[in-house]
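Questions regarding the structure given below will be posed in turn.
Think of it as A, B, C, D, E and F in the order they're written, each chain with its own count starting at 1.
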Amino acid sequence: MRSRARASSEDGLSGEAIAVATVKLWSNAEAEADARVSAVFADIRATRGSDVVNNFWRGLANDPALLERTWSALKTVMGPGTLDPLTKELVYIAVSIANGCPYCIHSHTAAARAKGLTEGQHGEFLAVVGMANQTNALVNGMQIPIDAAFRVEEGP
Amino acid sequence: MRSRARASSEDGLSGEAIAVATVKLWSNAEAEADARVSAVFADIRATRGSDVVNNFWRGLANDPALLERTWSALKTVMGPGTLDPLTKELVYIAVSIANGCPYCIHSHTAAARAKGLTEGQHGEFLAVVGMANQTNALVNGMQIPIDAAFRVEEGP
Amino acid sequence: MRSRARASSEDGLSGEAIAVATVKLWSNAEAEADARVSAVFADIRATRGSDVVNNFWRGLANDPALLERTWSALKTVMGPGTLDPLTKELVYIAVSIANGCPYCIHSHTAAARAKGLTEGQHGEFLAVVGMANQTNALVNGMQIPIDAAFRVEEGP
Amino acid sequence: MRSRARASSEDGLSGEAIAVATVKLWSNAEAEADARVSAVFADIRATRGSDVVNNFWRGLANDPALLERTWSALKTVMGPGTLDPLTKELVYIAVSIANGCPYCIHSHTAAARAKGLTEGQHGEFLAVVGMANQTNALVNGMQIPIDAAFRVEEGP
Amino acid sequence: MRSRARASSEDGLSGEAIAVATVKLWSNAEAEADARVSAVFADIRATRGSDVVNNFWRGLANDPALLERTWSALKTVMGPGTLDPLTKELVYIAVSIANGCPYCIHSHTAAARAKGLTEGQHGEFLAVVGMANQTNALVNGMQIPIDAAFRVEEGP
Amino acid sequence: MRSRARASSEDGLSGEAIAVATVKLWSNAEAEADARVSAVFADIRATRGSDVVNNFWRGLANDPALLERTWSALKTVMGPGTLDPLTKELVYIAVSIANGCPYCIHSHTAAARAKGLTEGQHGEFLAVVGMANQTNALVNGMQIPIDAAFRVEEGP
């Protein structure tokens, strides 16, 4: 692969950051040299109104088709719909906490804050996540059978 | 332990349901004979405006102190606050999906529907949960380093 | 929602199966009445050379856009590429085992067998999965630091 | 325990690396002073044709019986059989991603590369892992019942 | 594969039980016809002082080498040592709850009861497991950095 | 939020440690200025007989009610009961390993050592955890049905 050492500080990548991934993180220069990667990076910047393309996309760039599919799906799923944007971010963080993904927790907590999450809401959110993990464990430990009342009701 | 076979159909417990737990599921009669359990069951019914006490609480009744602490904490955490009730349920389900807890998914999906979750919102919610699990895996697989931009900003 | 009770035996859905999902499983008749769902079901049948559309897709049909995106991505990801089809199925099962998804384990074990997985290979595969889960736990328990030798090498 | 500070740079252990484990990482000198540990380290080197003994084994050395059993089982499971070595490594990484074990992801991605994994295959593999995690979540969220067709067929 | 339908009721296997595994569960007659499987089953019976060989081993019998390794390791790990047998069972159940493995929770809760676990201890154990899952989530959600005080101390 | 940069070295917080959390870690000075946080910190110090208040509580301080509930529950659950304190710590670590929570593994391994865990017991504990994770995966992979013998027995 091309040398990751060539990633320059203008990409906002520190030497240490580059060293710990299992794949190359594409620099801006490398991205610009690939039409598909370049197009996705441009759309990320336009959609977010920011020049920053975070490391996740720089890693996915190694497989342009996967980059395109993932960005397209994310843009659709996290875009306007019937759930408000902040609720979607909280759901995202909740999953990331349960899965133990530090990067995902950091990036989506930052996104939630950008969408208005207050300190008070963050604390309340964490309390719900903690409670859910606790009761999940209690339920699993006791192997509680599902109440008939929780089944989806039959229609007429 | 007292025979679980004594749980009668009036408790809404089927024979099969009783058979699969690792603990006894307390019948109404058994609950009424224990002051602490009885008090919690009464508060659950009053809080929810329903006579149904679902199996989770009937299992926790084997440890009255744990039953009291769990119900008290759940009532507080899921009660009124700065996040709306439906958002809290969605966060709860998201955690339960990631942890693979069928009972929890059923009970909180039912609760979310009772709080107004529409079919359209449910589909959108599942899409977010699916996307989060997918990107969690991609991030973990590539071991993406955390962007400096995601760090909590220093105050003044 | 439309009554799930209308799903007839011709869809291969037993009454019990219908009862345990948190969403409606679409019958063939319901699928045919929705142009987008109908098109995806037809493509699933054509791609697999079988009339069977398994329950996963019947559940996703509640959100036609999610159904379309998921089928499209799955078809691409599991289709021809640089990894052989059986290897992809084994990776899929391994993830499903770690995540504790019984449906996924059943469906992809069946798919792996259809692609030639032998009993001997299945046993060997399970041994690898078991070993990986064991050493994951040992590594996490000891919090082993990553060897410098495992870092991605710098290019020339 | 004996001082970890005695591990010298000749073991390829940095001070930072030593500091983060919950157990001592055995230096070469310490390993040589224990007959059982020494024998396993020698077999690791001989089997892999390399002088490097990675940190995982240096941590397991604290319990020589566990070290012996784990190395013996790993050598057997990952050795020649009916699945090709690269497929086994991919299965190993897939499990490690789902379990969130950074060390395991790094070490087995390095091993997979040593066994011929190309960049294209790596991207395709990550796409399968991402897809499996996504559909696992969708299946769990909808609590899809297992299709009768996926059951193991009865013999004649 | 040989017909699972031949498993007779004398093996304690119900028809339903056989139907849900992804592998054949070996009957006593089948086990007796294979020298390696037969020897392991005999050792399980002798070690446990019971004629029952539970389904896990009947599934592993499909790969005699995996059966032998797993039984041998389990017998060693769960056998006499420096931790008492009940503590080991509780650790086993705790892991099984976190991983969401119903079979494992049932089998090891039964084993813990056989080793003296009281109802009171079971409730207290579940409370610890619930608390650990809750604080794990809170820690992950806040991404708490490790205190210097928790690092393993250097020796003299 | 108030500047985390004000946390002084007297709190035992390094600059790096502060930088990686998603929430502010409260300094001693900040804690003292809040009556509820101050009271919990004082009780932590009194209960443990140490001036150290570890980072977990400094993060929870952002939500005083969550801090109070969590400390109160933890103190009760991990306090005197029918299970010995070391067993409780081992159960806690086992859950934390399965969930992949490095902070929790470090803090509770340190606590277990303070309660008398020997190197020999630690190795044996890790072997049980590894074995449980391995067999969990084998059971899930084979989808082993639960033996009738493991069901909770009916009473008289």
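Going forward, contacts are C-beta pairs under 8 Å (C-beta built on N, C-alpha and C of every residue); 3 or more make two chains touch, one makes a residue touch a chain.
As the structure is a prediction and not an experimental result, all values here were calculated from the model.
Undergrad: Just to be sure I understand the contacts, which chains border both subunit B and subunit A?
TA: Joint contacts, listed by label: C, D, E, F.
Undergrad: Measuring between Cα centroids, what's the chain most distant from subunit B?
TA: Greatest centre separation from subunit B goes to chain D.
Undergrad: Would you kindly give the rotation angle relating subunit B to subunit E, two copies of one sequence, based on a CA superposition and rounded to a multiple of 5 degrees?
TA: Fitting subunit B to subunit E on C-alpha atoms yields 120 degrees.
Undergrad: Using the average of all C-alpha atoms in each chain as its centre, how far is it in Å between subunit B and subunit F?
TA: 22
Undergrad: Could you give the separation in Å between the centres of subunit A and subunit D, each centre being the mean of its C-alpha atoms?
TA: 26
Undergrad: What positions in subunit E touch 2 or more of the other chains?
TA: 1, 20-23, 65-66, 69-70, 73, 95, 97-102, 105-106, 109, 120, 124, 126-127, 129-138, 140-143, 146, 151 - these are the residues of subunit E that touch more than one other chain.
Undergrad: Taking the touch definition from the header, please name the shape of the chain graph: line, ring, star, complete or other.
TA: complete
Undergrad: Would you pull the subunit C residues touching subunit E in the complex into a rising list?
TA: 100, 105-106, 109, 119-120, 122-124, 126-127, 130, 137
Undergrad: For the complex, which residues does subunit B have touching subunit D?
TA: Contacts found on subunit B: 93, 97-98, 100, 102, 105-106, 126, 129-138, 140-143.
Undergrad: Give every residue of subunit D touching subunit E within the complex, in rising order.
TA: Contact set of subunit D toward subunit E: 1-5, 19-24, 65, 69, 73, 76, 146, 151-152, 154-156.
Undergrad: Of all residues in subunit A, which touch subunit B in the complex?
TA: It is residues 12, 14, 16-18, 20-23, 25, 52, 54-56, 59-60, 66, 70, 73-74, 77-78, 81-83, 87-88, 90-92, 94-99, 101-104, 106-107, 109-110, 118, 120-121, 124-125, 127-129, 131-151 of subunit A that touch subunit B.
Undergrad: Subunit C touches which residues of subunit E in the complex?
TA: 1, 22-23, 62-63, 65-66, 69-70, 95, 99-101
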